[in-house]
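You will see two complexes here that share chain A, one where it goes with chain B and one where it goes with chain C.
Now for the complex of A and B:
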């Protein structure tokens, strides 16, 4: 198991009270997996990802319960220095909007070289400003620069030597996402968390970026957690998928199995709600109702108010994970 | 680079109409305001004949457009006119007093910028915790007390009780000022390589500049804090942390530059306020700057000094603006000069 999230609870203090954003997330990701994490907006996909990186803003959000094990090591017990090392060495993250994720005031070189320096060396060995003039540190920077240019080529940015001197606003959205992928992967991490990496891009660029990620998985021995709400993307790129609803993972299965044989009523509803070529106009069915208010979530199964098959126990008790087949689990009282 | 040079030249050329407008405005206002500067200059016993002679001597009997024309053509020959009262050349007075005020203002702006940025950054990093409250209290404390009072208290504490700093003048009587280049003692002594005089002039400058800086400290601190909070919330900060950059680098390199662009705006605005507000501080620290000169000239409605001061201030204000605009371009690559 590369990543094992157990019973993760995350709460946010808001003006209207405490928002229980994650309420017992369970997720297992094996080394080499390309796993999708799907669900509606606000179901906690991104918060799960940020919890793994420990990037939840401290003032408002707090992990109240649960464990996150990465390669057997407890992430929640790490101090700041160890967390920085963990993010630099073992975890790569890319986010939704490539236009806002690069610092507009610095050249790509400045940002990419820093990423290389801090991901490939101990923080103490990276020359600060005061030691930047020593010949040894100049060599280090020079090496980091050539590594950065290599990375640019790896993610498919031609003419990296020249383009690395440019600023983010001189790059297109797709190219910026490539730069961000290069920054995330500079230190050859074990896991790449891609939080809706293609949502802000147009469809042709989307396909290119996904293809790039899949190519890099083979080349760099990566595992991927791909967060998306696009089931088409899931079908095309992932082997496994986990479905989230209102702060819990409700079903986890291999992608083929999940599409062919969805068990949780929410998963079934989701898959029914995807239009296909055969869908007749007006016949597309959504899931009735709205996502619950997380400040005051429904008791028991959080999906029960919208569920057509809800039974009494759903209103009072949180369903535990049931194993349907090996690899296929769902948290539903019906099974 | 070419575009930038072109932009710069255009901005400097735009100074000309600005200064023309400014001088016409000041000229008209000073002549329209009721008052009898000639009577004041000639003294209470002066007969009408003496007054008329004085009026004639200074060309005040001519029509206003002619007077204005003569003034401006004089400027081109380096003649800024004379004070009605002391009969000294305005150019000489400005050369003597202006560098002192400029030095004081620059030092105050520098202190306010450094102190304000530090206080603002720490306030934001420790939002709603003790350092934040402390920074708020310090800033409010110093901005709330009247400057003249603070000036005297500082003289008392740092000058008389602790004896760390001299309490008045630009240098003590026994130290000869450095040979003039800019007229600013700190700069000149440094340029001449005279470190001893440099040290002495910095010591004299520090307390008055510190007191003057308090006027700008509050706004710089608060704006820096607000912008810092906004910047810390940006996506790229999250990304930089996720990449594994140490917090020191994220804040000190990537966030600080973002924040400083906004701070720069405030600094350039405050520059003018500080220079105009230097009078009180100059008076208390016996700092031989423009402050007293301005007050006295205005009270006596002494035409030529008023004009000269206005033009100098106009030039300084616009220069600060141009420099600020150029600095924006240095800090933010997305800004284009067209």
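Now for the complex of A and C:
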């Protein structure tokens, strides 16, 4: 088990009261898994990822309960120094918008070499103090540069030696995302968290990036947590998937099983709501109603106000995980 | 062909942006956002415009409504050429053609109530005010699935799907004939998207509306459109009946685009057609704009001659040298 999230609760203080963003998230990711975390806006998929990286802003957000075990060690108990080491060596993250994640004022070389040096330093490979400035040994910088070029080639940016001197605006969207993948992989992480990595890209570029990620998984022995709202991306790239709704994982299964035999009414509704190339006009069914307000979530199962099959117990009791088959679990009172 | 004349027909539509360098600089290159576009839409039907970002979909939509001035070309709407109309005559035409935008939040005035937003077009185009306007608005609200109590609320109090319904009600207020829908559901979640798509479908039947539907989501296009035009760098590469194009794509770009879109079904294994590189407006001023990324066996003409949009079968057109050679 590489990552094991148990009963994770996350709350945010807002002007309207306390927003219960995550309310008991359970998620298991094995080494070598490519797992999708699927759900609609506001269901907490990005917040789950940020919790794993411990990047929840301290002023407003608080993890109130639960454990996040990474390789058996609870990362909620780590101090800042240990966390930095963890982020540098074990975890890589890429985000939705490749443009805002690169500094427009610095060349790719400066940004990528920084990432490489930082990760070497945090791993203890580099002697000396960190604070405020980078290690300045010329040899070290040379090594970091050649490693950066190597990384660029690995993520499929041709002519890395020349392109590394360019600024982010000289790169296209797909190429920028590749740069960020290179940066995330600089520390040879065990887990790559990709938060909607292709949402801002065109479909033909999306296909390229997804293929790249899959190739890297085999080559680098990576595990991937892919956050997306696109069920097509899930079907095409992932082996397992977890469906989230309003701060809870409602169903978790291998991808084939999930699409062929969805059990939770929300999963069923979600799959039916996607128009494909074969959907007949007029046959599409949306899920009625709206996502709940997390400041005042519905009691019991958070999906019950939109669920056509809701029974009395759904309104009062939080459903526990039921094992349908090995690997296939759902949190629904109907099973 | 049927005897009905098209509601909208566009001929040789062009929109070039000049690449001006500096304040007094001369423009030496032109960016061809939309180049020689021809299409027709018949009343009560939907034409989908599909393409990646930068392919000119939105520019075409705006040029058709003259929200943007085309460089040249002819736009026939309802029997009249509107490409040269002046301000006031255009104003009266605008009641017949309305637009729905991608971002529902950004296209609604945050300082106006829903009632004001929806009644504004009534005031401008039909000079209806007061109680009469109010009853009309309430009717529209009910029709798009909102409630009477929403009349005095502000846009920020609604979810994305509801905001898009407000946008739809505003567009319908003047009883238009043509609606240009610019990615109306791409900002929405799938469960809400399905609701909005079904609403658009039933409104079309009820009011005999004609849609120009701009989207990059081929699933949505397949669901709602009768015909589809695929754009690549400002040119139509393939146009035809939705079913024919999707089940039997002819142009290499259409094939690649269809293959690139992941279907939400793990059992569908598509033929791998991975496009190389990315689109670029700079290469190839002559020749096919798609040639640098094309995976088919190219011929010399691909790099030297622009492929014309030629008939392919009964009701479709394709712009590809390989296809036209095959036919000969």
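Going forward, the second predicted complex is superposed on the first by the 319 of 335 C-alpha atoms of A that agree within 3 Å, B and C clash if a C-alpha of one lies under 4 Å from a C-alpha of the other, contacts with A are read in each partner's own complex, and residues count from 1 in each chain.
Here is the rule we use: contacts are C-beta pairs under 8 Å (C-beta built on N, C-alpha and C of every residue); 3 or more make two chains touch, one makes a residue touch a chain.
Just so you know, these numbers come straight off a predicted model, no measurement behind them.
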{"item": "Three-chain arrangement built on chain A, chain B and chain C clash or fit", "value": "fit"}
{"item": "Angle at chain A between chain B and chain C, C-alpha centres, nearest 10 degrees", "value": "80"}
{"item": "Which superposed partner A:204 touches (first chain B, second chain C, both, neither)", "value": "second"}
{"item": "Which superposed partner A:270 touches (first chain B, second chain C, both, neither)", "value": "second"}
{"item": "Contacts of A:40 with chain B and chain C, given as first, second, both or neither", "value": "second"}
{"item": "Touched partner set for A:4, first chain B, second chain C, both or neither", "value": "neither"}
{"item": "First, second, both or neither for A:229, with chain B first and chain C second", "value": "second"}
{"item": "Which superposed partner A:80 touches (first chain B, second chain C, both, neither)", "value": "first"}
{"item": "Which partner reaches more residues of chain A (counting touched residues only), chain B or chain C", "value": "C"}
{"item": "Touched partner set for A:322, first chain B, second chain C, both or neither", "value": "neither"}
{"item": "Contacts of A:295 with chain B and chain C, given as first, second, both or neither", "value": "neither"}
{"item": "Smallest separation of CA atoms, chain C relative to chain B, angstrom", "value": "6"}
{"item": "Interface residues, chain C side, partner chain A - complex", "value": "52-53, 159-162, 189-195, 197-198, 201, 216-220, 222-224, 246, 256-268, 274-275, 278-279"}
{"item": "Touching residues (chain side chain A, partner chain C) in the complex", "value": "40-41, 172, 174-175, 202-208, 210-211, 229-237, 255-256, 259-260, 269-279, 281-282, 284-288, 290-291"}
{"item": "List of chain B residues in touch with chain A within their complex", "value": "127-128, 234-236, 238-247, 249, 254, 257-258, 331-334"}
{"item": "Residues of chain A touching chain B in the complex", "value": "53, 55, 59, 80, 84-89, 91-93, 95, 97, 100-107, 111, 114-115, 118-119, 123, 167, 169, 180, 183-184, 186-187"}
